[in-house]
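Below is the structure I would like to discuss, written out as structure tokens.
In this document, chain identifiers A, B and C correspond to the written order of the chains, with residue numbering beginning at 1 in each.
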């Protein structure tokens, strides 16, 4: 598979929504502390793959999952595993910003509080640190008590980023994180992600190839639930192995 | 994590306990009333009116109350429907999303919350003003006032669910608003309206405070609208208030009759709702 | 008649009916007010409210015991009902499998359909003796069982349906995305429900509670049958009391034969109307706002 440290190792992952075979036998490794982009046309299972990585797929009644997903060597799909622990490790940023119905401060503090941080000072430090890492601190530091719903969409998405960072995850899973944002906010997020990859393994789904080109170190191409190709971004974009990859990249079916 | 799991288990137990209390209360009400009332139920209870000395424990039954309640509830439901349908049609077909419509819906909701004793008191004032005596007619009027907000809102909710496309199609064919209202909207919501009617009927037949001041009470079956009329809820109330155990027993039996009626209406409206859901075009 | 004319006439009639429905509330208030004026002319409202002695034959109309009676029995009912309804609604909305929910909801509706006299009857048959022979002695009090506690218990059960059904629907309108956000951060289901769902639905839940309060406040027959109807301020939950609606229901027979009695009773009815209308409007407006925000 390559010359990197796999952080996440997906082995023969199959997901069914009822009768529909949404993810077909996916086997791929995701490198540590790099940005991996999952690309492919809409409806190909990209989001499903992402949600399998933090077991948010469990919330879908009709979903049946089989296979292994090893994170740091432990299979997170195992029944014995504590699912809240898994989700703590794998932060998720959704396509549409979804701030919790609370203040800006409480949004970021929510995760740490749930996981046992009680000390006010500590919480304050975490909130500040994460908002800074998300590039939002300077804009909200005077109004942390305001409801998060008052922020613009771009700010809300950065808030969601800060919120995800607050629980000290190992990975950041991003589902088309900028598709709902204006270009300037989108750029903000992209800049933050590039900075964050030093400390976190980032996996993001996008259907905008240019974005993948800008950010990705590693690329996974999914088509109709199948893993068509994967590899370092340079290789996949300039010299793809698979003709279907080539066709997609050249815009034949995007 | 154990602490969190424990907390969840604790609250889940609380939830199950609360739900059990609610369901348990329902069972308790049915069980106690039926257990106490069924023994006193007999054919003569249901088919005879009180004879002489009934209230001292002698012969007779509650037929006066059963028929009386039916007359009253049917009359009030019919009258309320005559009022509710036009209002609901107006709100949905003519007034749309206007402020007037929202205000009307708000007043109907508020009226729905006003206790029946207030309606009774109001009707009583009118009766004094026109010099009327307690009678079936005034019972019907009072219960109509009490029940029409519920019926109107119920029909309104049903009509709201009807997709606009249907009415649009009717307009496209050149119908007037009235024709669309009557031929399309009403027809499509018929089963839902039946549920609303049953709901109102149930409320009307079971209410005591509204008829207490306005319908009077009598041992006979009313022969005209101007006769006083006995009702089942008042039959329960008055018979319970006597010191004679046989008569009290009859109060329990009357309670069972009421409960049975309510149960029947509830089942009927469930069936009607299910039928409605089948025919709704979404 | 031409079609256009029919349409016109019909719409005018419907409009009339609709206007009537919005006005009837004010008409009722006005009529009650007019009939209350005689007694308001003798004493100011504030005095009537704080006087404790109720002796109509002597011309004494102190509403205080009735106000306290109504408030205590309604308050007790709410204290009992709110936690039970909250947890039941959460269970039904968030935890119950859909088959279970489908079975339980109609049963709760059934509870709503039971007439108040039947609740009163049940209260007399079960609750009153229970209090008299078990609960009161357990608490070291001697009681007939006809008490604030009996009234509060019966009333609580009567308001279960409205609070539970409104709340349950409210909880279910909290959007999935917000819950997903909570889960993605590693929260348990209960933590998500506690911190996100209930929190978001809280104003609506309070509104549902207020609706329940209004319902309980105006309930006549059931309370009348179990509360004891003694015009004194109760000093414990085991004491009998007298509620405003019960007063009106009990006294209507003699109302015309004693001067000012009818006026006093209709004033009581007016008070009921105004209090309940006020709280209903409040609750409904909150619910409308909540509905609008979640769309």
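Here is the rule we use: contacts are C-beta pairs under 8 Å (C-beta built on N, C-alpha and C of every residue); 3 or more make two chains touch, one makes a residue touch a chain.
Fair warning: this is a prediction, and the values are worked out from it, not measured in the lab.
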Per-chain Cα centre nearest the global Cα centre, belonging to chain: C
Far-end chain from chain C, centres as C-alpha averages: A
Centroid distance [mean C-alpha coordinates] between chain C and chain A, Å: 50
Distance from the mean Cα position of chain C to that of chain B, given in whole angstrom: 17
Approximate Å spacing (C-alpha centroids) for the pair chain A, chain B: 55
Overlap residues in chain C, where contacts from two or more other chains coincide: 188, 191
Chain A, residues touching no fewer than two other chains: 84-85, 114
Set of chain B residues in contact with two or more other chains: 4
Of chain B, residues touching chain C in the complex: 4-5, 7-8, 11-12, 14-19, 21-23, 25-26, 28-29, 32-33, 36, 83, 86-87, 89-91, 94-95, 100, 102-104, 106-119, 121-122, 124-126, 145, 148-149, 152, 176-179, 202-203, 205-209, 212-213, 233-234, 236-237, 240, 251-252, 255, 258-259, 262-263, 265-266, 270
In the complex, chain C residues that touch chain A: 177-178, 180-188, 191, 195-196, 199-200
Touch list for chain C against partner chain B, complex: 3-4, 6-7, 10-11, 13-15, 17-18, 20-22, 24-25, 28, 31-32, 34-35, 83-88, 90-92, 95-96, 104, 106-111, 113-122, 124-126, 157, 160, 164, 188-191, 194, 211, 214-215, 217-221, 225, 245, 248-249, 252, 265-266, 269, 272-273, 276-277, 279-281, 284-285, 288
Chain A residues within the chain C interface of the complex: 54, 56, 59, 84-88, 91-92, 94, 96, 98-102, 110-111, 114-115, 160, 163-164, 167
